[in-house]
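In the two complexes that follow, chain A is the common piece, with chain B as its partner first and chain C second.
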Partner chain A sequence: MTFDTNQLAFYYPMLVLGAAGFIILALGIKRLRSIVYATIAMAAFVVAFILLLMEWYNILPYVASEGMVFNGFGFYFALLFLVASGFITYPALKNIAARSEIFYAMLLFVSVGMIVAAFSYNLITLFISFEAVSIGTYIIAGFHKTKRTLESATKYFFTGTVATAFIIFGLSYFYLSTGTFSLLGHIAVSSTPDMLIALAFLTIGFGFKMAIFPMHQWAIDTYDGTENSVSSFLSTGSKLVAFVIMLKVFIAGFAGLDTYVYVFFAILAVATMTYANISALSQNNLKRLLAYSSVAQAGYLILVLAVVGYAPGTQAADYAIAAGMLYSLVYIFMKGGAFLTMNIIRKDSPSVDDISGLGRKSPGLALAFSIILLSLAGIPLTGGFLAKFFLFLSLVQGGLWWLAVVAILNSAISVFYYFRIMMFMYWRDSKEDSSFDLSVSNRIPVYFSALVVVALFFTFSLFFTILPFAGGVFGGL
Partner chain B sequence: MSMPLIIPQTVALLLFCIGLYGVMSSKVGIKMLISLEIMINSAVLNLISVARSLPDPIVLALFVIAIAAIESVVGFSLLVAVYRKFGKVDIPLLSEIKG
Partner chain C sequence: MIILGIFIWVLLSALIAIILKDKSSIFTKVSSILTLIAIILYSVLRFSSGYAGGFISQTNIALSKSVGIYFSIGVSGFADALLILTGIIFAAAAFVTDRKLYPSSMFMMIMLTEAGMIGLLISRNFLFFYVFWELVLVPVYFIIGKFGGPRKDGVSLKFFVYTHIASIFMLLSIFALYSYYDLQYKVLTFQMSELLQAMQNATFTSALPEIAKYFILFGFVFAFLVKLPSFPVHAWLADSYEQAPYPGTIILAGALSAMGGYGLFGIIFPFGGLIGTAGLDILVGLGLVSIAYFALTAMFQQSMKRMMAYASAASMGFVTLAFASAFLDPLKSENALIVASGGMFQIATHGIIMLLVFASIYYIMLKTGSDRIPSLGGIYRDAPFLSTLLLGGLLASLGLPGLAGFVGEFSIIVGSFPAIGYWIFFLVFGMLITASYHIWAAQKALYGPYNEKLGKISDIGGAPLAMLLLVFVTILILGVFPVLFFGPIQAYAGGII
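For the complex of A and B:
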């Protein structure tokens, strides 16, 4: 095994993040103010981001010996994960008062795991990075130690650990059938029934983390119960890690069983979208409504797997993967921004009624939140429209007309409940005066994500920029 | 002279189902945690039973044992924190969060 210095350069971003995590833990003994730790964490994210960008542009893609492939696909998602972590660094300050060094150290360690997941093409490292993310987020979720966060964290922990057991079981069947844990190169399947067991177990395991339909119940409770910034991170960063791993495992690893992958994920996607959108219609609790919408978005994301399973190796498959990549980018800002908007409501578990009157009290904020909601619904002039457009385009291109129709109908249903929130914002008067906390630190993330969501609509050439990287899901350069 | 694969696999699947049943049916957090350990360890048993010539599954099994230990540490500390706040560890009966 060789380990040349050229290869070492690729690991610098992870080393920076890990070192910053330990520095923060060490500084914790001095009981500095939380903002110091947040700034160190943010600096580490920025340095790692710049290092990744420099490597992407300056150094040729590289296949390391132990199943790590540093290609455009991996770099894109690694940058995305850093954005997702950096996005909640400052908003989290508001509610994390005691022992914040542990929170930020955990955030940094989770980011290391996420970056490894982006580059790894070996099931052993993929599983370990997935667990690093899971265990870190169990701690982050229960951090505030109120009754609500503890309950949501324990529910998250128990479902997450059951999912882990399913994944290990699935991996053992995967090995039994293929004789390898590597996703690179051609994977010879020796026994199809064992591979189908592996497919079922791995779908259940990763589906728990991604909150797709039969495995979604924990997500509703956990997103509702945790702090707003933490629910924002759980529904973006942690979910997208599961998405990347699913892309790699089910596209590269199950390349010989595309038909089964297609049937499996077409059914799951339709069930997830329909169930979540219909449940959200009758939901009065605002955070639970956003949680259901997050489950529905997971349904749109796994449409990518259905297309690739139906038409593997075609242009439609590349379009679908690239659309999934674009969707992930927009998703961080629209979903993360929507959960961070909940910071402006003082109540712990806000109902839709609690946001009424925002349009009169702070028109700018109401407009920004409306833009985020329109993006989630997929209305033009927002990045969400663009992402959905390319995703549905790939469905049509691949010949999956019926799935495209179902997905568009579901988008139409979702418009109802997003508009219901907007109706309450603009056409209802608020009940009390002090129900909103309109401090600057609460407003900035909302304005920022609304701005990014609109900006992403006007940079639609971005899709064609990332299209060449879509093939990287197979571990190619 | 090797054991037919069906024997360890049946045992592993049986243990997995017992663990799953334990997690789903019991209400006490400690019992749920023990059932989870049974589930993970049944998966480890399955892993080492499929290891034939290459050491890959054994490597993963070692990592899984370490990860299971970390997971039970996190789980027990969560349960201690829950006990301090709620005065009980009956996870499915906690009802601060309602639909």
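For the complex of A and C:
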């Protein structure tokens, strides 16, 4: 194994993020104000973002040694992860008062892990980056120490370690039947029992992190219990890492499996969507409701795997992957924005009733939150609509009519609970006067996400810009 | 370009209406009347002579050429009739919206709905057609949910979800059409002109897998039947009409009910024959059952609003019937032309008639505090003008010759008889029931002994009277000179048949 010095440039973003993390830790001794750490972290994100963009445009795609592939697919997701981390950097300031340097250092280290996950095509590297993300988020989840936060962080930690065990077990079976950890160039994989065991165990392991149906229960408690910006990050950044890894492992690594494997993913997707949507209907706790909706959205993401499994190598498969990529982008803003909106409610565990009267108190904020909810429900003029639009288009193109119908009925069910929130927001009067904290720092993220979500609708061509990168999931260029 | 300007103006008006706060009421009224005048001027300029079917005023603005996403507009004779209807309905809806009762957001919702309606009628790209189709629902959902009656929470949600599910099936059909078009011609496009052209092309349709063909047709027809609404999928209708505030009811009954009809005759009419005899027979059956069943249901309603909601649905049964029998007729051409034009005429005039009826009921509600038939009675004594106008609306609704409602129903009966034969009995039965409960309601509510519990009430005068009279005169003119609408509609239908 040789290390080509040409590829060093590709590691600069990670080096910047890592170095910034250590600087923040070192500065921690001086007990500076939290905003200083946040600004350093933000600066690191911006620098890394620019570096990634420059590499993407200036240097030709490059296959580095040992399973690191720097292609458009990887760059797209690496940028996305930085956006997800940067998105919560400032909003997190509100509740992360004590020892904030650790929080921001961890956020930076997690980002390093996420970027590695975006580029790696080796199961060992993928696993390690995945663990880096997990361990970092275990610590992040424990911040804002109330009893509930600790409980949820503990829950997250224990289920996370179980998931890790499953992944290792699955990896070993993968190695047994293929003789390699690399995901590149597996054409001759066949449906041997070893391979199917690996498939099942890896799905369970990564499925835990992505919170898909039977492995979702921790997510509801954790999203509910943790601080809002942390919930936002867990349900966007860390979930999307799992999504990217699943895309790579199951599409590139298991490329030779029989197409009927799609049934497995179709069932997972349908069960996830339906269960989460129906559970969300009867939820009165607002954060739990959003958590269930987050699980349902994971179900939509899994549809990508079903299409690719059913019609591999077709245009529909490319469409599905690109739709998944677009969905991930919109998802960061709509789901992250929804969780960050919870910051305006003073209560720790808000119920749907607690948002009553927002329409009267702050019409602008209510409108912005409505836009985010409409986007989650997939109503036109929002990015969520466009993402669902292309996802369903790929389902129909691939010939999975029935799955498209089920997905669409699900999206109709979800309208009920999203609209219920809007109903409370506009048509009920608030009980107390001081139930909202309408400070500027709480408003900006909400306005920003709403703006981005609407802007993403008007960029029709974005989907076709990222379409050529969809094939990169196989590790090509 | 004129029509694009009108659309943009309405869209801007919605924005201005919310900014103006206190003045939004007067602004919306002026703006919607200006819109109506502009639409009428446009129609006179473009459709009074020289229109020979097809789409005019076409403009294409490319947004993403490689995938065929254009902001593409075009107006047919039928769409133009509905544009005039839209202008009238929304001007009236803005007029009856009392500025003391509603905040500026209500006026924004009204203008947004109008923008959605106009956008839907002029769109010639499926992506935008679908966007507007859905967009119309959102403001109406807010109108019902925020200002509606006691059961508004559940009803508004039911309205939204019911129609949302239906339109989502249409979206799947559009996808299927898009994919198969790409498969055969290697071109990605959402342009209606090309996709609809392909559906009329025998080589394209015969290459479609059978299941795909029926999937596409089902999605469209289902979405449109829910919007009409037709018999088994009407559950949202009566509740929404009843619980909506009066401006909302006028919009629902006048403008939104035309959406389903526009879908049938404006979108899938060119290839309706693909549905096949069995499917068309089912549609005829649904139309006939709608006419008879809704008439019977309406007869037993106590609330004037609910009664007229079912009456409106029954009139829409004629539209389903007209659509299906246009393709069933063995003689083709002549009869098909009559029945199809009749169906389209019915859609356009039905909205205006419903406007007169619901606006009159609104004023009765204002004067007496009730819109339930048993608690009214003999109000002709104190409010002769109002009662007469409501009677006029009811007579037009039951299809009295000389008024606009008659023309559409008559052409449909005449044109569909060769196709459906003696099944027409259902239709006649429905019309008999319709006539009886309309008259019965008028008799109970307007004439007979005065209900003294109501106290002294006053008649309408001034602006409301003028508005209602104007609507009534429009109905009368369309009844006597149906050619005003019939001309462009027939040219459009003739271009297809």
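One rule holds in what follows: the second predicted complex is superposed on the first by the 465 of 477 C-alpha atoms of A that agree within 3 Å, B and C clash if a C-alpha of one lies under 4 Å from a C-alpha of the other, contacts with A are read in each partner's own complex, and residues count from 1 in each chain.
Convention: contacts are C-beta pairs under 8 Å (C-beta built on N, C-alpha and C of every residue); 3 or more make two chains touch, one makes a residue touch a chain.
Bear in mind the structure is a predicted one, so any value in this text is a computation, not a measurement.
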item	value
Which of chain B and chain C A:Ala266 touches, first, second, both or neither	neither
Chain B versus chain C as contact partner of A:Gly142, first or second or both or neither	first
Touched partner set for A:Leu202, first chain B, second chain C, both or neither	neither
Partner chain(s) touched by A:Leu80 [first = chain B, second = chain C, both, neither]	neither
Between chain B and chain C, more extensive residue contact with chain A	B
Touching partner for A:Ser461 - first (chain B), second (chain C), both, neither	second
Touched partner set for A:Phe157, first chain B, second chain C, both or neither	first
Chain B versus chain C as contact partner of A:Val112, first or second or both or neither	neither
Chain C-contacting residues of chain A that also contact chain B	none
Chain A partner contacts - residues on chain C that touch it in the complex	63-64, 66-67, 69, 127, 130-131, 134-135, 138, 141-142, 145-146, 152-153, 156-157, 160-161, 164-165, 168-169, 171-172, 175-176, 178-179, 211, 215
Residues of chain A defined as touching chain B within the complex	123-124, 127-128, 131, 135, 138-139, 142, 145-148, 150-155, 157-158, 161-162, 164-165, 168-169, 171-173, 175-176, 179-181, 220-221, 224-225, 285, 288, 349
Chain A contact footprint on chain B (complex, rising order)	5, 12, 16, 19-20, 23, 29, 32, 36, 39-40, 42-44, 46-47, 49-52, 54, 56-57, 59-60, 63-64, 67, 70-71, 74-75, 78-79, 81-82, 85-86, 91, 94, 96-97, 99
Residues on chain A engaged by chain C in the complex (per definition of touch)	316, 374, 379-381, 385, 389, 392-393, 396-397, 401, 404-405, 408-409, 411-412, 415-416, 419-420, 423, 426-427, 460-461, 463-464
